[in-house]
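Notes to accompany the following structure.
Labels A, B, C, D and E are assigned to the chains in the order they are written; within every chain, residues are numbered from 1.
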Amino acid sequence: MNAPILSARGLQKHYGRVTALDNCDFDLYPGEILAVIGDNGAGKSSLIKALSGAVRTDGGTITLEGKEVNFSSPLQAQEAGIATVYQTLALSPAMSIVDNMFMGREIRAAGPAGRWLRKLDHAKMREIAREKLSELGLMTIQNIDQPVETLSGGQRQGVAVARAAAFGSKVIILDEPTAALGVKESRKVLNLIQDVRSRGIPIILISHNMPHVFELADRIHVHRLGRRLCTVRPEDCTMSDAVALMTGAKAPPGETIAA
Amino acid sequence: EETTACLITKTDTNPFFVKMKEGASAKAEELGLTLNTYAGKLDGDVETQVAAVESCIAAGAKGILITPSDSRALTPVVQQARDAGILVIALDTPFEPIDAADATFATDNFLAGELIGQWAAAKMEDPSEAKIALLDLNPSQVSVDYLRDNGFLNGFGIDIKDPTKIGDEEDPRIVGNDVTNGNEEGGRTAMENLLQKDPGVNLVYTINEPAAAGAYEALKAVGLESQALIVSVDGGCPGVRNVEAGVIGATSMQFPLKMASMGIEAIKAFAETGEKPQASEGLEFTNTGVELVTDQPVEGIPSITSEEALEKCWG
Amino acid sequence: MSETIPSTRRDAQEFETVADGADRSVAAFERHRRGPVEQLQHVLHSNPTLVPVIVLLGAVTVFGLVAGSKFFSAFNLTLIMQQVSIIGILAAAQSLIVLTAGIDLSVAAIMVLMSVIAGNLAVYSGVPAFLALLISFAGGTAAGMFNGFLVTRVKLPPFITTLGTWSIFYALNLWLSGAQSIRSQDIDTEAPLLKFFGETIAVGSARITYGSILMVLVFLVLWYMLNKTAWGRHVYAVGDDAEAAELAGIRTGRTLMSVYALAGFVCAIAAWASIGRVGSISPQAFYEGNLQSITAVVIGGISLFGGRGSILGALFGALIVGVFQSGLRLAGVDVLWQVFAIGWLIIIAVAIDQWIRKVSA
Amino acid sequence: MNAPILSARGLQKHYGRVTALDNCDFDLYPGEILAVIGDNGAGKSSLIKALSGAVRTDGGTITLEGKEVNFSSPLQAQEAGIATVYQTLALSPAMSIVDNMFMGREIRAAGPAGRWLRKLDHAKMREIAREKLSELGLMTIQNIDQPVETLSGGQRQGVAVARAAAFGSKVIILDEPTAALGVKESRKVLNLIQDVRSRGIPIILISHNMPHVFELADRIHVHRLGRRLCTVRPEDCTMSDAVALMTGAKAPPGETIAA
Amino acid sequence: MSETIPSTRRDAQEFETVADGADRSVAAFERHRRGPVEQLQHVLHSNPTLVPVIVLLGAVTVFGLVAGSKFFSAFNLTLIMQQVSIIGILAAAQSLIVLTAGIDLSVAAIMVLMSVIAGNLAVYSGVPAFLALLISFAGGTAAGMFNGFLVTRVKLPPFITTLGTWSIFYALNLWLSGAQSIRSQDIDTEAPLLKFFGETIAVGSARITYGSILMVLVFLVLWYMLNKTAWGRHVYAVGDDAEAAELAGIRTGRTLMSVYALAGFVCAIAAWASIGRVGSISPQAFYEGNLQSITAVVIGGISLFGGRGSILGALFGALIVGVFQSGLRLAGVDVLWQVFAIGWLIIIAVAIDQWIRKVSA
């Protein structure tokens, strides 16, 4: 197996007296879908926040494409190619869908107005946003200039996923992307994940939905008590095994696969 | 043991009080007194002045010089100070009742107004054709404010009704009153407002010289600066120079520095001999004097020129 | 409930049933190495009201050293209590509003208006003093309810509401008083009761006014109400997240209304105390009282975002400001630089508070 | 079949130009678990908000135990016996778990302190809260006085569910209670729902998780485009049928069962 | 992406695949019956800046009828423009801060301090006027950045930050100026450039000062920056939900810092304009300018919670206040009742705004 594209060693994160990450390791290989599973409070979100620059760790190293990185903000992670859909979505409620999709990646108008007056090309952004949204087939949205706050929970999730997937990235992280979605929309997101993966982009997927995890994942990172308990391959293990591992009902079988 | 004196002014944002502090500091140094100075944050800031008096009591001061922000409200705390054996002298603004303090060193503010009123009446070709704008201090109508305003009107020959009320006159020559907060910005806006009511304004009374300077700017902006005569009160050096420059027709000069240095002397005397200062004859307070400053003197009203005034401005 | 799954009519997905054999331990560990600074931070974090207390003690010590025995006398220390008593009571009213994530720019205006009303009635209109006071209490409560009405019914942000009513109350105050103070002597003859809180108990050189005692009492009563009654919990909940509180079954509108009414009532109490403190009734006094009460509240560590902080913090906040002002005055520092120092005090006190809150429980 | 305990007729709810409820009917029968399923944005949350007094409808009637009711606040609904766990959970983040559990139902101290001084009995509330939480076996929480904001998403959900279930109610409404939960916690909540039901209390369960819905529900209310499309029984229909109905892939079979 | 499921390596749960045949219609219907009031509400909702415009036109009309031709003259209308120009420019600076969910109690203090600095340098120290102005611009920007530093780095709430720095800037102002005004005549001889914005263009009886034009220009430039550039979108996003903006990849710290710096710079521009407007340089002027600028902003419909509202609203807000004051004065109303009326104006204007926002898009 080739070298991991994104990996972490010995990550530490404390919130006061709570240890959210306890010497945690992590590896993502090129082109794979890696699922991260674990109990509530096991530290999954903390892990991906550390990987995506949203929190600063108290210790440990992160390596992207072999180079050690040290993100001090989500922007740095994004610029390095790590796009994330957080559990809280990170959308601006009063702003329109287009504005949200292009937040931080606005397109400037061509010509002097853009160059000198830094004028934005609203028409173009609107067009691209509409295209991306319908291409992903995700949306049941009436108006692309609608403020995000008027969307239902599911619709918002759609916008956030679309934003992460629409712009070229090296790694996409999804923290429970289907938690609030209906069957139809979940399906769309799952299809989308596979679609993204088929373009060769590796994906980290946090999910509590075992059928989804076992359907999509190439490998499963089992997270427990703030660290990686083990990784397993869905071919090698049943859903029941995985659940037993993550809940502590069963001890990990040594190192199941070379991590 | 050293003698401590306190100076408590209404604010320290007004050059008048800055001058007072200068006078007091110089005199205190000369006489070997320790001086603590206090000021309210803005006009009417009673509670800061109360706290200042109390601090003076705590500091064991021998005497307090105070320009009360509210001539009625501060009497109880001043009584406390006097009960503690401290000499209390009101500067600039008398208490109500005036004997709440041991002594009062002040301009006769009504007279200050009266002088500029008389001057204006004599100066105008036809006082019955006057159109008067009155630029007062603030909505609170403190004593200096109504004394000067009513003094001016009285001097000009207008029936002032209640001498403690501003704006209760019915004379048709009065275009109106507006407030300036005693600064240039307020003076300008107030003047503009009254010009709006009647662009024919030809006589402007102002509470003090910063307000007068603002009023002049407003008149100049619409090219009416030669139509209207501006009179004021204070006699600060910038004000006197404005008389010289023809911005202000006449102003009544007061002597804050003198008030303060006399006050320090009185405290020194009190500390040494226990004697309290006496009021001017026929008055309830010690009149520190007022002089009319103008470069266009009129018959029958004694005045000094701006040149002379520059020598003693706020002395 | 037993650990085994109750008989389900239909079958659960098989993998789910595995979870019932789960381990019961929790993802949490004690961290061991911790520097002394961090340890201090932790102690303060668990007792946030300690912060203003420490700042207060620190300030007293420093000024005691700098300004000497004049500062550190029983006379001066009790004097500071007197001097802060009015802003202190206003800060208590302000804390109530701030705990609901509001802000009240009108507290001092309500207070002054109520002192003018009580004074006018008792001194000029011959209304018995206690009745005049009752009327002013009712008036203060009504003024608070007017704010409350605008906030809860018209749904205006508190800042805007009280920015507007401040002007309204201030104008009414000037109108009713004719901008004239009521003289101390007149109060003494007509309605001495109005000056009740100016009375002092002398113990040695210490002079404790009834007004200082009143301030402490007001804080203790409100502390009890906020921390030991259901109403208090609701106030915190509304300040923390009003929508959540509403859905959880709190009558947020009513709670807010009661907070504003109570704050107005406390302002009227402050009005009574202020007559004793100043000795007369001045319509121009306490013009900056609104911002001063907010200053006390924030220095006391109550969050402007609502729902966090103890009302006792505001008491310490008011005392800190009083100690600073008194110390600087006695050290002969110009008002100018006093203003300057208070500016820094606000910034530094809140910065320390912020640093402490950075730690999570 | 006996009379519905809670029912609604012709509910209307408009948000500006969006129609969230379009002449919607609803019935809940005594003792049953009624699942409400539907696409994202179909109006499920709007429906339960209307039933629980959280929003005022623009038209229609609601009947509880045969009497028409008109809730103008969640409190009124709660007092009438309708306890709800909202999608947003409605917890106060800075307050402790105990405070949140007893929010609005605080227990006063016995004796004069309680009667006259309205003093609360903190010790008792703490004790009861601990009891309820461990009885429900839901929690992996370290400290019952911990502020809710320090809990993970899943732990918060647990507190909210416990609050709704801990106090006697006529009807319990759960809006996607397991959306953020892990496998273990989800299982707990599902067991809890059955437990509550076995005490005779009817439950309205909104969920996008078809296996859970089919496992638990006595009847399924299919919501589509702001109204009740039909109700089905899980015995009479497959998950695929249900999904087809709710997504509009299939037309409803007349009235499947008498509603 | 096609409508059919891409080949999955493992099987999806069977029921899920059904969803792919789903209907594509959306839960949305037009409502038909709508009263005229509701219709108005809708129109205003989609164009919120219309509200202050309508209030402004309404006020002009009413006062035109009440106060007659004196009010309705070109002279008076341009005078109002002049009179509001300084508070207007401050309101522009304030709007920037309010859009980020902050509030700035120090704008007027920064302005006065910068006018004093420019004046002292140019009039007394013989520094060339343009250089003195450049230094004051740098100073205003630095003062803004100091606020920004406290907000973004020390993480103090903006209200507290600027409550503190207000005192600091005010004390510095008194110290530098020695509380003395700089005379108009001295400025004329030493540094007439400082008065540039006092120049007027007379068109008939209308007198448009360069200062009024400057105010409009400041608003137009800021409007462009906020609405047509990426920076502007980021400002709105930070105001709307700072945490979300950060996670979405906005450098919220930098954005906030730039907003505070720009606001400080605009205050320095206002300082220059104020010298032209007042004629002299007065350290005591505009003491209430902070709250007046906030009043203009909220009457203009910008939400104090950030992220919502157009900066042009603040321009109309300032004009509305000016029109009210002018109209009431011309109608012969006491200052007292003017204060009273402005209080109600704030409440009513924001209540209308609130009513309109009740409708959802």
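We take it that a residue touches a chain if its C-beta (ideal position, glycine included) is under 8 Å from a C-beta of that chain, and two chains touch if they have at least 3 such contacts.
Small disclaimer: the values here were computed from a predicted structure and weren't measured.
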Q | Where chain B and chain D overlap in contact partners, by chain label | A | C, E
**Q.** Steps in the shortest chain-to-chain touch route ending at chain C and beginning at chain A
**A.** 1
Q: Specify the chain most distant from chain C by Cα centroid.
A: A
Q) Where the CA atoms of chain A average out and where those of chain E average out, how many Å apart are those spots? A) 39
**Q.** Distance from chain E to chain D - Cα centre to Cα centre, in angstrom
**A.** 45
Q.
Counting only Cα atoms for the centres, state how far chain A is from chain D in Å.
A. 30
Q.
I'd like the Å distance between the centres of chain C and chain E, where a centre is the mean of that chain's Cα atoms.
A. 30
(Q) Show the residues in chain A shared as contacts by 2 or more other chains, in ascending order. (A) 15-16, 18, 39, 41-42, 140, 142, 150, 183-184, 186, 210-211, 243, 247
Q. Got the chain B residues that touch at least 2 other chains?
A. 12, 42, 139
Q: Could you list which residues of chain C touch at least two other chains?
A: 13, 15-17, 19, 22, 26-28, 174, 336, 339, 360-361
Q | Which pairs of chains touch, using the document's own definition | A | A-C, A-D, A-E, B-C, B-E, C-D, C-E, D-E
Q: Give every residue of chain A touching chain C within the complex, in rising order.
A: 14-20, 22, 39, 41-43, 210-211, 224-226, 238-240, 242-244, 247-249
**Q.** Of all residues in chain C, those that touch chain A in their complex
**A.** 13-19, 21-23, 25-31, 42, 45, 359-361
Q. What does chain D use to touch chain C in their complex?
A. 54, 73-75, 78, 84, 86, 88-95, 99-100, 103-106, 108, 117-120, 135-137, 140-142, 146-147, 150, 163, 183-184, 186-187, 190-192, 194-195, 198, 211, 214-216, 234
Q.
Please output the residues of chain B touching chain C within their complex, sorted ascending.
A. 12, 36-48, 50-52, 54-55, 58-60, 69-77, 79, 96-97, 139-142
Q) Which part of chain E faces chain B closely enough to touch in the complex? A) 70, 76, 79, 82-83, 174, 178-181, 183-185, 198, 200, 207, 274, 277-280, 282-287, 326, 329-330, 332, 334-336, 339
